[in-house]
């Protein structure tokens, strides 16, 4: 295992920092089903880390473990050099981990703007009384955060739908709004669960661009699950491969692509 | 992989210039026409929100329950106007839809899910169990999990379950909405392989809505491309695959071959058809 | 052409997040307030106060309260009657224990006490969801009613268990008791309605409102993106109960003057207020008013129509009234499941787009 | 024109009791109109308003009808009564609560505008005990009496009185609360079966009565030892239990028998198509009670006309009439309802009448309640101090200086 | 055995039987909830309506006679015939099926896909409506139900067990009506479980419960299933109405039995038929025992709230109720 403070240089010349998130020997069971079996892997500062694997391999479950929604029966989660005690999901979120969901989990009854503002909850501190009277801090805070959110709206080019209720948006835009909501938290680690599922090439290209820009401009570490191998191979720095709850491969895209286990279990044919 | 000449000329399903409005205000389809020939696989392609799902639901009459309605145009199946039938009638006539996002019955077991597919059948339990056997043969994974609640099975298994369930009605035409969504590449191949098998061996016709243009055009015989509620292009699949616009916008290929997703940052596209 | 957004540009985020972004709405809002405060008090009579306006205002407060819990935070509660009873009995105990303190303070404190009780009964909402929670809140409803009936301390050991509001004053005007003028009754209710509506508006448009709505729309996702469900749910219960407590206090002290817990704050009250929220529109403050107005006026209107205008026997009219109210409720839910508020929004949207249909 | 509002409840959980009462109340006035052209030559106009036994609707009814010149309110529900007392007092309209409502309203110097003659709940409790004393040769010591009561303001009324009486007469009182609506009373009746009290007294209302009678029959409690109060002794309370209810006893403030006036109502009101209801309630317990209430109101109107020398009286005059009301056997006989109620007179100090009640018994075979006793007097030495105490507390709480108007 | 202990047992037995009576009402809720996600508050009023109709038919009452008389000035009340109980039950069933059809066609068909709370409110609207119609149709007086159900305690059981606990024990009291109710409930539950689990319609019903859209897509006619389910609920309502009506007379308050069924549902799980029975038994025993042991100390009349509190405590440990479908929470 590489040392925490090691950094390395990627294929295209970017420098990746030390270990940010370290999963050690994670095992997760649901009743009799072992969804994750003793998996260890790490995510490093500034990298784009992909998790791939067949359906039901336990990828989403792994993200859920990272975001504190599932609590593994065995194993440890280390975040930024500290062992993480059992935490509620919202506490994890406050540590700077944001995510999107496999089946879009937007707040359907709210406008796009409100959805994204919700993402900034972890930055809002004003008390209830101040809010009730809409005085001083509450109002100031609202405006400040609104500015931050507007920056993200501009970045993701969704200005036009700001006030639209999300329930009226088409799928692709919903995915983008979900990304915006996650970005609004200004996360250190961004978890994306199949951000490009159900998109056509054009939209995938857009999405890839956003992910790369986020990674580049804000230095956000990204972990993503994706089934489109083209995307995964192109944009990720390192890839973990899971199958039936086990880790069957871990490495750079080119390493993984040529790993026979991975080909057998997942890719089917060697990918170009 | 296949050539376009093998499509027969008999038209099963004909959609003629339909217009669909949701909630009495949102105009989604603005005159869509298409034909599904007997024994063919017809692909309906297009970006998000293009109206693929809406088209399929208009055909299978599932729109009503979503407060949508067909306000213009006609839908004919084997020459009969079917717009005013119930979904049940349509299933009995052999048209069944596999919905986007799987929609399995979460609390029913896989086997019970499959059995619900046979709800409209009147040909006795013998025939039904024979078909159940057939489905299990196409999808051996389902046989393994037949006693588990569908809510706990993985995405791929649910997709198989949904298709298997549709097969149980002994359909003539299956309207298949985004079967590849969220599936691992190997599974996508597997499922499309099965679709092809069903098409060839059982003679089931497919109308296939897909985002994944690449795969869809590989397996389909004929394709329609939908954009903002209008058909902007149609033709035999092989031709579509060679069309430069389709190549660029739907297959992500440029003249030099496939672009890397890393490079997309450098240029902004524009929509040529709409401009 | 009244609804035009064009030309009404917002230049600051603050202006953009104000309550009524459209100028015409703002004007109408001030006009309504002016009529409510400056005209009605001078023309009101006993009948309008006691039969219509006072109950309307009081129910509007309760509906706003429940709307916060159910409409904004998604926690269905059938304990409204019980919480109103808490407000009423708290107010009664305060009124009789501290006769010299202003009635305004008593009513606010009654709200505060109800907020605490409400938050306590909200605890199960962390585990229990949906209808299970709705039914669980009935535990609060039945238990509280039983408690106020059983423990004679709450009704100062009176022989029958009725509580009577003694005469109390605000700025030298009687607001409870036999000598209250209709204008005083109306104004004190209006005061609280205005205050509550403002508070509710502020809370629902800010951080806390968004965390409530997030919990409502998808609680798991909300928790994962950083909403503390315990805090969100309990504050919703507390704030909602605060309003409901105030309405209970007013209901007892200002409106009826004498109540018996089982009769006045029974399960039917819970249903009634929930109805107001739903007919009016969940998650809409305007809806709370619309729903309250609708359900206060409808029976009266039907009675006037049936008995006074058509001259039918009261018995048949009141049976028909049930049929009509029940039928109308279903009809409304079918026509516009999201309530009068949504209907109003649709009308406005049509007006804005008019004359182009799409 | 004399305007009499009738706050009836013909719908809701208590409709079965509300319908006959309201029919009787209205039919009697209809008879007066048809036969005598009203009272003192002044026609009576009934304004019916449906309350459904609901307090808020009661308020609406009150506010809607008071403007029409209503002379007297008969609110017919404890809740409505309590909340009308201050309002009507302020508006100067008398309230009559016939054997219900606020007991201490009998203290006329505190409650100037409220009358609850001929009796109240505390009287009723005492009448029941006096009856049992009679049955037991004047001695109840060592006996147990169970009180099964509706767990509400109404049901709790007799507890104080019974406690006092139990101390005085040495019987043991056990109380069993039944929660609204009272469909499930298994626990209470199993307890009665275990403890075998000598008597069960019931303060029930609505469905609770029917279930209690049925359950008493089920556990084999002897019906003749089971006494309901006067709101638990109507035909519909016992018919669902069928023959098993035979022998059930209850109090009544109005004797059930054939009165000449009923025949007159039949011919001049019902047959003339003027009846308030379908005419099928004639002669039933609550119908007779409604009619009795109407008669008391009519007599008070006549009295008021007599005192003030005008026929079109005001509510204030009505109050004077009520306060000077005197009901004698001779007058009742003259009205065609001899013996329907006790003789009593009202004055400024006493708005509560004589408090007498009788005991009647259900004859299931014939489907009638048969009066068993004559009117029995309550034990005023116990009740009067309780009334004074409660009334004075009310006066103190509301800054009222007791006195006559 | 001490008499106190035996009386405790008696309380338990009677609690069990009361529980069955609750379960009878709860069953109707479960059926409709399971198949359509509608929390049918009107179930209690349906029981009342069914019982009213049964009595009305048996006694040959003219429906809507009050209204007719008021409008046309006629004086009709009875047809002048009586109908035997069995035939009347069939007629009533017919009425309930018609009702099921009407409710579905005019109301719930238009509400498909709405949020549960909207549906719930619609059922409360329905409850008002049906109550009004019931009153208009059959009048609001209390009616006696004479379908020949046995009444009173079972002397047989009493004699058999008298003396078990010495002179202070009078033998177990068991209501004959309750025994009949228990039998009927067992049969009903067995039949309904069989229906839901093993028949095609039952499976379709469960499918509809899970996903309306998907059910439509496989050709299940939602209308048919829903009318079927409402009819079944109507049948259950009739049974409950008869049993409860025999106890208290057929009258308005019958509709309030819905409130007794809610904690049962909560405890048993909204979607489980066996849950309704087991929940009913637990609630029945729990509340009766509590009233017997703790009630006297705190003033009695605890049954109304205790059932809810018991269910609430239970739910905190098992949020989906005893047999409810596990809430699948995944993201």
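Order as written gives the chain letters A, B, C, D and E; numbering starts at 1 within each chain.
By our rule, a contact is a pair of C-beta atoms (placed from the backbone, for glycine too) under 8 Å apart; a residue touches a chain by one contact, two chains touch by 3 or more.
For each chain, UniProt lists the protein as follows: A, B = ABC transporter ATP-binding protein; C, E = Branched-chain amino acid ABC transporter permease.
The shown structure was predicted, so the numbers you read here are calculated from the model rather than taken from an experiment.
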Comparison of A-C and C-E (more C-beta pairs in contact): C-E
Taking each chain's C-alpha mean as its centre, the one farthest from chain B: D
Between chain B and chain C, centroid-to-centroid distance (C-alpha), Å: 49
Centre-of-Cα separation between chain E and chain D, whole angstrom: 35
Centre-of-Cα separation between chain B and chain A, whole angstrom: 30
Sites on chain E at which at least two other chains make contact: 66, 135, 140, 299, 301, 304, 331
For chain A, residues contacting two or more additional chains: 69, 101-103, 105
In chain C, residues with contacts to at least two other chains: 146, 220-221, 224, 313, 315, 319, 322
Contact set on chain B toward chain A in their complex: 26, 45-49, 101, 152-157, 178, 181-189, 211-214, 249-252, 258-262, 264-265, 269
Chain C-facing residues of chain E, complex: 39, 66-67, 70, 107, 110-111, 114-118, 120-122, 124-133, 135-136, 140, 259, 262-263, 265-266, 270, 298-299, 301-302, 304-305, 308-309, 311-312, 315-316, 319-321, 324, 327, 329, 331
Complex interface listing, chain D residues touching chain C: 8, 10-11, 19, 48-50, 52, 54-57, 59-60, 62-64, 66-67, 78-79, 82-83, 85-87, 89-90, 102-104, 151-154, 156-157, 160, 179-180, 386, 390, 393-394, 397-399
In the complex, chain A residues that touch chain C: 67-69, 88-90, 92-94, 98-99, 101, 105-110, 114, 117-119, 121-122, 124, 126, 128, 131-134, 138-139, 141-143, 146-147, 150, 181-182, 185
Touch list for chain C against partner chain A, complex: 12-14, 16-17, 199, 202-203, 206-208, 210-211, 213-214, 216-218, 220-229, 235, 239, 283
